[in-house]
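Shared chain: subunit A. Partners: subunit B in the first complex, subunit C in the second.
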Partner chain A sequence: MPGEKSASVEEIDVSAARKIAAGHRAQGNSLVTVLQDVQTEYGYLSGEVLEAVAEEMEVPFSQAYGLATFYSSFSLQPRGKHHICVCMGTACHVRGAANILEKLERDLGISSGETSEDLKHSLESVNCLGACALGPVVVVNDAYHGKVSSRDVDKIVADLE
Partner chain B sequence: MSTVATAKLASLEELEALRSSIRVEQQKTQTTVALCCGTGCQAYGSGRLIEVFAEALAKEGLEDSVRVRATGCHGFCERGPLVVIHPKGTFYQRVGPDDVGEIVAKTVKQGELIERLLYVDPQTKEKAQTEEQVGFYKHQHRLVFGNNGAIDPKSIRDYLAVGGYAGLAKALSELKPDELIEQITESGLRGRGGGGFLTGRKWRSCREAEGEPKYVLCNGDEGDPGAFMDRSIMEGNPHSVLEGMVIGAYAIGSNHGYIYVRAEYPLAVENLGIAIRQAEELGLLGEDILGTGFDFEIRINRGAGAFVCGESTALMASIEGKIGDPRAKYIHTTDVGLFGKPSNLNNVETWANVPLIVNRGAEWFSSMGTEKSKGTKVFSLVGKINNTGLVEVPMGVSLRDIIYKVGGGIPDGRKFKAVQIGGPSGGCIPESLLDTPVDFEQLTELGAMMGSGGLIVMDEDTCVVDIARYFMNFLCEEACGKCTPCREGTKIMLDILGRICQGKGEAEDMDKLEALGEQVQLTSLCGLGTSAANPVLSTLQYFREEYETHVKDKRCPAGVCRQLITFSVTPEACTSCAMCVKACPVEAISGGTRKGKGKDRVRVPALIDQDKCIKCRACHEACKFDAVVIS
Partner chain C sequence: MPQEISLTIDNTQVNVPEGTTILQAALNAGIDIPHLCYDPAWGLPPTSSCRLCLVELEAAGSLVPSCSHPAAAGMVVRTDTEKLRQTRRMVIELLLSDHPHDCLTCDKAGKCDLQKYAYQLGVKQPSFPVDPIPIEPVQDGPAIVYDRSKCILCGRCVQICQNLQISEAIDYLGRGFDTRISLPPGQSREQSVCTECGNCIDVCPTGAMSYAAAEGAGREWELETVPTICPYCGCGCTILMNIRKNRVVQITSHPDLGINKGLLCVKGRFGIDFISHAERLTAPLIRRDGKLVPATWDQALDLVAQRLLTIKNQFGPDAIAGLASAKCTNEENYIFQKFIRAVIGTNNVDHCARLCHASTVVGLARAFGSGAMTNSIEDFEVTDCIFVIGSNTTECHPIIGSAIKRAAVQRNAPLIVADPRAIELTEFSTIHMQQKGGTDVALINAMMNVILAEDLADKQFIAERTEDFDQLCKAVEPYTPEFAEKITSVPAADIIRAARIYAQAPAASIVYSMGITQHTTGTDNVLSLANLAMLTGNLGKPGAGVNPLRGQNNVQGACDLAALPNVYPGYQKVDNPDLQAKFEKAWAAKLSPKPGLTVVEIINAAAQGKLKAIYIMGENPMLSDPDVNHVEKALKNLDFLVVQDIFLSETAQLADVVLPATAFAEKDGTFTNTERRVQMLRAGLEPPGQSRLDWDILCDLARRMGYPVSYDHVSQIQDEIASLTPIYGGITYDRLTHQSLQWPCPDADHPGTPYLHKGRFTRGLGKFHPVEFIPAKELPDQDYPFLLSTGRILEHFHTGTMSRRSEVLDELVSVGAIEINPADADRLAIADGQNVRVASRRGQIEIAARLTDRVAPATVFLAFHYREAPANRLTIAALDPIAKIPEFKVCAVSIQPA
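Up next is the complex of A and B:
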């Protein structure tokens, strides 16, 4: 799990990021691809990691930071041990996804896009997962929960420990 | 899956010889269990079913004579997990691990039907034994989607067995690039990603453009929420996309291709990657394709979660590793595109149509559809609809037929209200216009657009103002910020819509929205901005009354906009079961219990404290007796 690696925020070993960047650079791949792979490795993109990547790719830090903030799949914060993702696609919306997201925010005590301080939970909303038949959809650590009701949220949260 | 000869095919004859040998081998297996492993069915647990089937077959000693085939999406997501048993085509739905033993023992071994797993038509109550008998499939015309249920997307041998890469072979052996472009132009194929530009004409421009190298690109950045047909093609039949691209590259004169796939589609990335490797191994991709001397390589780029990257110039910027900013297109991307070179971008569904046209001819293709929109279109039918799923119909079929014949109408006896077509760039179409034949021109005329083909059905419990606000919120968040009309215009429209939903709307708000919407339409830089106002303008056009009710009466007739509704309990209907009391997160409900003993025992109906109520709907959902009402 990438999330587990991010537990210690202070000391980050950037050598893996450098290695990934160097490998892609040799193949002529783009900075977006590098950042994607680096995020897969670390679970998120920290300042130190971004700096290392920029240096290795010989681009200004602002360019790496610009990409990391423009594209929504990049996260500058570590993700929680349990990553919860609520689909806010149109089909889920008309079936009440907003209420589900709100309930999760209430129950977990964090807003969408945040990670809890103890790094246990992180909550995120996405535009559409393409599983519209199952709407509203909540994905917890890659496991899909379909046709979620408020009561299902209680169960989902209870099972997170 | 058996792994036989992966040597490069050096000629067309070798391809046909391989195809024949695969067919002979596959005919040895009498029975195949085709298991839908599309995203919908996987979410229902079809992945687990593969193992359970393998175990059950092994127990019966059938592991060698029966093949379990994990296929791509069959489209009928509503009834997943889906299982089809060939050669008879027996169709089972909502199959769970506990059903597998019985399926193997009865259906696979004895050919007996298991009644409870058959699909029952909700109207006629008739049981369907095969897919063809199910209303959802009966009214469709599956071409692009036709092989999804028949092949394992991870097996090039399966694709070859159903005639795969025959189009490529034909193109390379019988047609000159110019003739090929002529054929695609004559077929009338238009871009399936939204714009509807003539594919053949685009290819011609790119072929004739000056500059080398040329690039052939596939847009798999299916960003419209509620649309997932491209995903299902990439996941379920990736070779059809590759084959289309190689044919296009040959016609255009390109040796380099890219597929840009949305970040949220990991399975599509995986299956396309496998397909590329397999095609390279067989010499259907890479250097000297089928010994003809033609080279073409394809790389996959993953998107990183930006809706605007579905726009051609933004997509190209993203492949280059930059921020996905679009640019003005005074100069077409067919002249100056990726890395400043001539580039031809088509979407997934468009590419998947190409091999069909080459195989069966332009005339065949153009015999389907309307005067200006030819062939079929895949729609994703979602929202308040009985049969959620992917639907492929000829162009020109009416929306009513799609929603009622294929989609089975609206659930729970609710009334149809509108259908949003074309995603955030599209528009809302009311009941009165449901008989409109679906094609590019007709939809644009109605203020909607084909878009990528998302159809979101709404019933009377959906508020159109809320939907307009939803789309505007989406676009406002996704706007890249480069041009002022889109960046500021969407923000202001969102503010106004938010105000209306909160009951703070003013009489002139509707006119303001219209004026602003038209401005944004006329002056924005790229497609995101020029179509951003469509959801607002179309709902204002067809549902102005509902806006007025929000603004003047401060009421939301659909019972959606929170600040305009209240929740209360009807004492007569309340059974004091206390489900609502338990469900309420803010302890706003009192009562809902019984008091006293013996004869004096009385029911105390639940009562909602309006000051505490946060209108989260939990009580409404929890009540089994419809005692919690929204007004």
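Up next is the complex of A and C:
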């Protein structure tokens, strides 16, 4: 199953997460800030990492988990090497974002919200990226692609290593 | 005192202290405002999330949530206007939009707040129906079911878990329609911090959280609710038995009831089903041709009477002994010891308190004059520091454990834990001193050494209230923290820090249990703690004290009512001629002035053939006593063994006659909890088969042995106790029907005593006892290199007679395991879960290994609940010379992969 390659299969080194949490805690920063930085470090928030952060921040594990599941920008699954976001906001939608997403799903063999088994790709749809003039918008890792057509999708996918 | 203010609610003038919320003010005045997410009875902070309790403020013209909005002087509040009704209807309609309308078959019907308010507000159909996505209820463990479709996300369960129980196991997960209450997903139950206390069930206003086994078993109006006292540990929680057709369907609780204020643990809530277990004894049994066969009461009791009389006549009364029970009521224990003393004529009566707190009773009586918990459970809400030593409180006394956690987390009261294991409380502690087993005296002496060296002692208290202080100073002088570090392996710096924190707190409480008492130096350990408390003036005031936590529901009562070989009820010495005369007159019998034998001495005397018969009421020495191989030989060596119990325990299987008794749920009477609180228990069920009340059996037997005694009701026994026992003098049945009382309570007008030794110790002056460190009797060596400590776990109780017959508890933990440090396991090539052979000089067992760094290297821990792997085959019957308590906490064992 895509996305089910859970962290427990291989041992995760949580020391970086602990270090980030300790740094933020010393400055009195909130848990959300910590989780953002920890996600940047690991690419996603695994159970082990969340547990380590909770322990370091002295908050209940249940609370850290609750927070991580509340914000959609946090991912509890490993993300692919290439993380692809398709904007489904109103402007993008009327210009055919649904077709773009469908094609990506087909070409990558994963549904929105999933990660490929080889951890190469992950796909996600978001509600609005605020770049409506460029719609439909697709973001690959941090690179924005505007006015994307179906043909552009072929090129985007082909460029992914 | 906050100032009193006056406001108007619905044209009624209401006076309340400043700071009161509008909701509370209204409820006080008898005005009901609908509320869902907040239940003032539990004392949890309001979350203002359901918006049902909105009220109108006339001046502002605005709607405010009354649960959190403070009442103000001159405020004019309306709670029931058309605008409010409309708003509230909208709230209910929105909640019902994705709530299943299955009230017809919902177990919560009749007790559901959502249903109640929908009815009150006349909501028939929600205006915004959403096609609910069918969601199956989730059941993570054997007991608790969460039906997300019925959940209104009020968060009461999250709050109770985080703020009262302090487990912090559950929280909201997800967002929008996907929001639910959950353990962190992916965690197995064992990994999770959830203790299955089920308090989330009691606070849930709808049917979202429920008890699996209660499904379909009866609804509110079909159930009879009988309040009584939990039969497990010494906390003495009030439980509500929900009964239908002579069966307890479910145990619930209420925040207004009992010392537990509505909280329960997994045993109290889900572990009661043993009372209707198929293995309950229902008829007397007599041994014929080596087999126990059913008999009539007449046959059984005549046989017991005749055999006991014969043995008494032939060998004298001292050839007979009785073991009473910390599981039975005060009245039953009173009758039992009266039977042994007045009918048999010996003082050979004891019970399992010998195995748990004998050293407390002796030690504290010597130091203070009274051998009981000095303060109250409620005191943990005001104490400034808690020093827990040798008590795994959260597992063995869970309700007190939660109170200690609340003090540490919510009031930042420093928590000092001294325990050879990294128990749960160490997660909340300021300091954890991980002393080697059996080195407590050195540790406590070193703390006193620091207190004296740094001039932190309470000189005025010492001068005015104590004696023999000089001897103490001399005794603790050599115990510098550095010296103690060598003995205890606790870093000197930690000892110094702990001593300072404890001594500098205005009121500091010492909490201890078996880790202190079950040693050959048990009495010494207790005396050391008494010294420490006196040295710092921590006695005779709220929030302070020396607080031994008693292990069984009525072990305090069984001691108070003289199931002990040296005293009459109320600790009146049997060798005092005046007291002997008093009881001879009251009981119309000749009594023996010679103190009797203690538990282990009784077993030894049986093994030596000096004792011919033992009458055991509700005890199971075949698992509970040290060195059970020896116990078995001793019991088999008797001429006659009678066991009165509710199950055919390991001990009952050896008996010549077995008498079927009643369980707590089937009888009236009183229990005395760990804080000396006498509480009433009430019969809710009919006893099974021919089983009879324990006191009734004993009185019948006494009459057959020529001693005329009879009572119509247990209240008559209670009255007799009050008339003979000064500390119970004012504790009458009538008073107990509407309150509970803490002894001493000498007369009918006395309100009871929340804390002892106020202004004066029971013995006059508190007495310091110089105590030297003595090593445990049997320490690890080359052949037996591990130090074995025994104890309890949360899910089971003592010899498992009750808890292992509970479906939920047995499913939670069905087999025993020995805790081993991973480093040791690695060296011995033992994997987690692998079976190991544990051997001591006295016996061996086979049991699974659990690898955990809760135990230090070279030490192992084993619970004594398991008949298939009895820990007490390994333990040593070495006794404390004064209290005669065995050293359950230290013996040497070897471990090999099986």
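Just so it is clear, the second predicted complex is superposed on the first by the 152 of 161 C-alpha atoms of A that agree within 3 Å, B and C clash if a C-alpha of one lies under 4 Å from a C-alpha of the other, contacts with A are read in each partner's own complex, and residues count from 1 in each chain.
Note that contacts are C-beta pairs under 8 Å (C-beta built on N, C-alpha and C of every residue); 3 or more make two chains touch, one makes a residue touch a chain.
What you are looking at is a predicted structure, and each value in this text was computed from that prediction instead of being measured.
S.K.: When the two structures are laid over each other on chain A, which of subunit B and subunit C touches more residues of subunit A?
M.R.: Partner touching more subunit A residues in the overlay: B.
S.K.: Figure out whether A:Gly146 sits in contact with subunit B (first) or subunit C (second), or with both, or with neither.
M.R.: First partner only, subunit B.
S.K.: Please indicate which partner A:Pro60 is in contact with in the superposed arrangement: first for subunit B, second for subunit C, both, or neither.
M.R.: second
S.K.: So, A:Phe70: does it touch subunit B (first), subunit C (second), both, or neither?
M.R.: After superposition on chain A, A:Phe70 lies in contact with both partners, subunit B and subunit C.
S.K.: Which partner chains sit in contact with A:Ser111 here, subunit B, subunit C, both or neither? Use first/second/both/neither.
M.R.: Touch status of A:Ser111: no partner.
S.K.: Touching A:Gly47 in the superposition: subunit B (first), subunit C (second), both, neither?
M.R.: Second partner only.
S.K.: Does subunit B (first) or subunit C (second) touch A:Val32, or do both, or does neither?
M.R.: It touches subunit B, and subunit C stays clear.
S.K.: Output the subunit A positions appearing in both contact lists, the one against subunit B and the one against subunit C.
M.R.: 66, 70-72
S.K.: Please output the residues of subunit A touching subunit B within their complex, sorted ascending.
M.R.: For this pair, the touching residues of subunit A are 29-33, 35-36, 66-67, 70-74, 88-91, 93-96, 99, 102-103, 106-107, 126-135, 137, 144, 146, 149-151.
S.K.: Using the touch definition from the top, list the residues of subunit A that touch subunit C in their complex.
M.R.: Counting only subunit A, the residues touching subunit C are 6, 47, 50, 60-63, 65-66, 69-72.
S.K.: Which of the residues in subunit B end up touching subunit A in this complex?
M.R.: That would be residues 39-40, 42-44, 77-78, 80, 222-228, 231-232, 263-265, 301-307, 318-324, 380, 382-384, 388-389, 420, 423, 454, 456, 458, 462, 467, 470-471, 474, 478, 480, 583, 585, 616-618, 621-622 of subunit B.
S.K.: State the interface residues of subunit C toward subunit A in the complex, per the touch definition above.
M.R.: Those residues of subunit C that touch subunit A are 162, 168-175, 182-187, 193.
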